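Dropping the structures in below, format is structure tokens.
Shared between the two complexes below is chain A, which has chain B as its partner in the first and chain C in the second.
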Partner chain A sequence: MKTNELAARLTSKFGEGILGVDEFPGLLGRVRFDAAIASKLFHTFRDDLGFAHLTMVGAIDWIDHREVFYTLWSDADRVYVMLSANLPSDAPTIASAVPVWPSANAHEREAWDLVGIRFEGHPDLRRIFMPEGYAYHPLLRSFKIHEPEDLEVKVRSE
Partner chain B sequence: MSEMWVNMGPQHPMTHGLWNLRVRIEGEVIKDVEPEMGYLHRGIEKISEDRHYNEIITLMDRTCYVAGLAWEQLFIVAAEQALHITPPERAEYIRVLSAEFQRIASHIMWYAAFVQDIGLMTPFLYGMRDRDLILDLFQSYTGGRLTYEYMRVGGVRNDLPLGLTDRCRKVCDWLMDRFVEYDRLCLSSTPFHERCDGLGVLEAPEAIAYGVTGPMLRSAGSRRDLRKDRPYSVYDKLQFDVATATTADVTGRYLVRMEEMRQAVRIIRQCLDWLDDHPGPVMAAQLPRWLGAPYAPVGNEAYLLKRNYPTGVGFSMVEEPHGEAGAYIVNDGGEHPYRVKFRSPVLINIWASKRYLPGYRVADIPPIMGSVDVCVGECDR
Partner chain C sequence: MSGQTPLPAKVPPASAGPSAAIADMPLEVIGQPGVPFVEIETLRAREFIPAAKEALTSLLKEQANGKLIRPVFNWAGRNSLFPLHWGLACCAIEFAAAFGARWDAERFGVVPRSSPRQCDLLIVNGTVTWKVAHKLIALYEQMPEPKWAIAMGNCATGGGPFRTAYSVVPGVDKLIPVDVYIAGCPPRPENLLDGILRLEQLIKERGA
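For the complex of A and B:
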């Protein structure tokens, strides 16, 4: 499958839900999609396009918005593809991929813990590395590592 | 019988590091498990946002402290893509040589710890003795025994010293004999089979759904190996076979790792022959000054040249000893990467214990979790 082929198939199925399919070095492409179609898109990629492996879920804080990305692997085509959605910083919420790929569970907990993305429908969205009740999401750009006075660990006492 | 939760960890001989496995048991039978991570979280992704590319290599050694060179390679492949730099071929061969020796060292470390877990003491001593030979080799060309800081964006720090290839060949010959001995110690031992056969079964479709990779996936008959499926570096020029087993249990994982060590020796021998015949530079010639080897830029220089930095993204997946490790680097043109995301295979392999532990007994946990090859450093990052 080629990048433009993938773009044509996705656009015919989802229309405006697909915001674009970019070239990406070493990957089949990067699919930018609207967070509203996330769940349907995941099912399409697993069931129709054969991307059975979910290898990575992560998030980037771009200050004015946040980006969630998923990388998938297809055994048949032997390629990776990246899905990416932009979320507003004040309500970073997207549908969970756990019903489609169970392996998303730990990845999404990590993205919630470190970048503060809410995954709707996740069975157990708790922090994974930082203690429960920790006041920050450390991979946000607003969290500075060179200001020790701000780094006092704030843990809610139960 | 009533159920209860038992904490195995964070200080428990089974864990091989700092993490906690909460187990819900009914009598002796495991009903559910809940792995808890984060005891060793050092924020490596966050620190990376504040460092030059060559300084992050130091962190990579600490990410996985038994497979430092494999993680250096992972980062370097992504960073070179993000910075649009091509290393010379000799450097690629040296990296593959290092990564495969590191694979053997990591697998021997696993072998030593795992077999001790199930009650055999001798293999631990034998394993540590043989791993030391590899560390001696690393020491003679990288200077380090555990944390190397050897690979650089654009190549490797220094060429191999004179006579090293012959020493490597001797170590390879020695190791191939030892692998026979390892197998004899374990596979001919009845207690080994009693404690390992048929435990922790995870069939391939479930393993894929749960994201399990590496020797655990290959022990279920899958031929998935990134070195074959998506060759990086010079793996497409080297001959080797993918080690697989069919039983999908603890013994299968043992067999896969043993075969992987033999295949790693095969790869190393090809690399050594190539390196003997092809002298040349080990660092790209036209490196930007701010990436100059062997040291990362210091002081104002990096800031003066800031505007000339290229932008780009780097994505790499590497077959690390524990499974598939990934790196995604976003380079927005600053002197530091904007965001670095690592995928740790161990985190996912441990997390999938929710699938492969229930149904077995409490005493089966050490061999099953031992066969996962846990390295908490890379799991928590």
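For the complex of A and C:
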């Protein structure tokens, strides 16, 4: 399958939900999609296109919006593909990929912990690196290193 | 054959071993001559603890202000520091080497223990993250008094290269009181031994 074939198949199925399919070095393509169709798109990629393996979930804070991306691997075609969605900074919410690929569990917890992406339908969306009750998402651009004394008070009060 | 006299009935049969006979004896008899070795050892150990306790309590009663007995406890305590066997990061490798054959910290009476309830020394050997900070405090609070803490290496002393990271405690003295700081990244086992000996000196001077 080529990138333009993938683009044609996805656009015929989802229409407006697919914002674009770009060429990307080392990948079959980079699919930019609307967060509203996330769950259906995941099922399509796993069941119809054969991408059975989720390699990683990542997130970036672009200050005016946040991006969450998924890298998938197809054993049949031996090719990677990347899915990418832009989320508004004030409500960064997207459907969880855990029902489709269980390996997304820890990756989504990490994206929630560090960048503050909310994954709807995640079975156990707790922090994974920072202590429970920590108030910040430290990989956001707005995060400042706090005085140790502030954090000390925080740890002791828990 | 007919002239042979029968054995006297009083002699116990040979099959009954000494332990069977001892089980029936009253406690006072055990430990007398003729009783097998193992039981005597057990009895001695059993009797030793009350005897030592009695001796110590009489000493303490005589020395109500503790002038005589406190230096003894200080001497015994500082020469048998038991650190907690708790490894955090790469300093734990040096910590392990210090108790190996080459450096052999045990010759100073320093024996790592697995439970904080058996320890009087917490050696924080590595980077402490905020995630593990609760556990560190809990371990320290489980140790019985009197207790001491050593911050081993740059990370435990002041956060090391991760001082400005969002996830790392910049110095373990933000969490627990620390008596001795050891610099190094990681410190060599000699440095750790030096720190332990300095702590012994500190305990001697404080008289705790």
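Heads up, the rule we're going with is that the second predicted complex is superposed on the first by the 143 of 158 C-alpha atoms of A that agree within 3 Å, B and C clash if a C-alpha of one lies under 4 Å from a C-alpha of the other, contacts with A are read in each partner's own complex, and residues count from 1 in each chain.
Here is the rule we go by: a contact is a pair of C-beta atoms (placed from the backbone, for glycine too) under 8 Å apart; a residue touches a chain by one contact, two chains touch by 3 or more.
Predicted model only: the values in this text are computed from it and were never measured.
*Asks:* When the two structures are overlaid on chain A, which partner does A:Phe42 contact: first (chain B), second (chain C), both, or neither?
*Replies:* Touch status of A:Phe42: no partner.
*Asks:* Using the superposition described at the top, determine whether chain B or chain C touches more residues of chain A.
*Replies:* Tallying touched residues of chain A, the top partner is B.
*Asks:* If you stack the two complexes on chain A, which partner ends up touching A:Phe33: first (chain B), second (chain C), both, or neither?
*Replies:* neither
*Asks:* State whether A:Pro131 touches chain B only (first), chain C only (second), both chains, or neither.
*Replies:* In the superposition, A:Pro131 contacts both chain B and chain C.
*Asks:* Could you look at A:Phe119 and tell me whether it touches chain B, chain C, both or neither (first, second, both, neither)?
*Replies:* A:Phe119 sits against neither chain B nor chain C.
*Asks:* Return first, second, both or neither, reflecting whether A:Thr71 touches chain B, chain C, both chains, or no partner chain.
*Replies:* The answer is first: A:Thr71 touches chain B but not chain C.
*Asks:* Based on the A-chain superposition described above, do chain B and chain C contact any of the same residues on chain A, and if so which?
*Replies:* Looking at chain A, the two contact sets intersect at 129-131, 138, 143, 145.
*Asks:* In their shared complex, at which residues does chain B touch chain A?
*Replies:* 37-38, 41, 43, 45-47, 50, 81, 208-212, 224, 229-230, 312-317, 324, 326, 328, 330, 338-339, 341, 343, 347-348, 351-352, 355, 380-381
*Asks:* Spell out the part of chain A that touches chain C in their complex, as residue ranges.
*Replies:* Per the touch definition, chain A meets chain C at residues 129-131, 134, 136, 138, 143, 145, 148, 151-152, 155-156, 158.
*Asks:* Residues of chain A touching chain B in their complex?
*Replies:* 24-27, 52-56, 58, 60-61, 69, 71, 75, 78, 80, 82, 101-107, 110, 114, 127-131, 138-139, 143, 145-146
*Asks:* In the complex formed with chain A, which residues of chain C make contact?
*Replies:* So the residues of chain C in touch with chain A come to 130-131, 133-134, 137, 164, 166-167, 169-171, 174-175.
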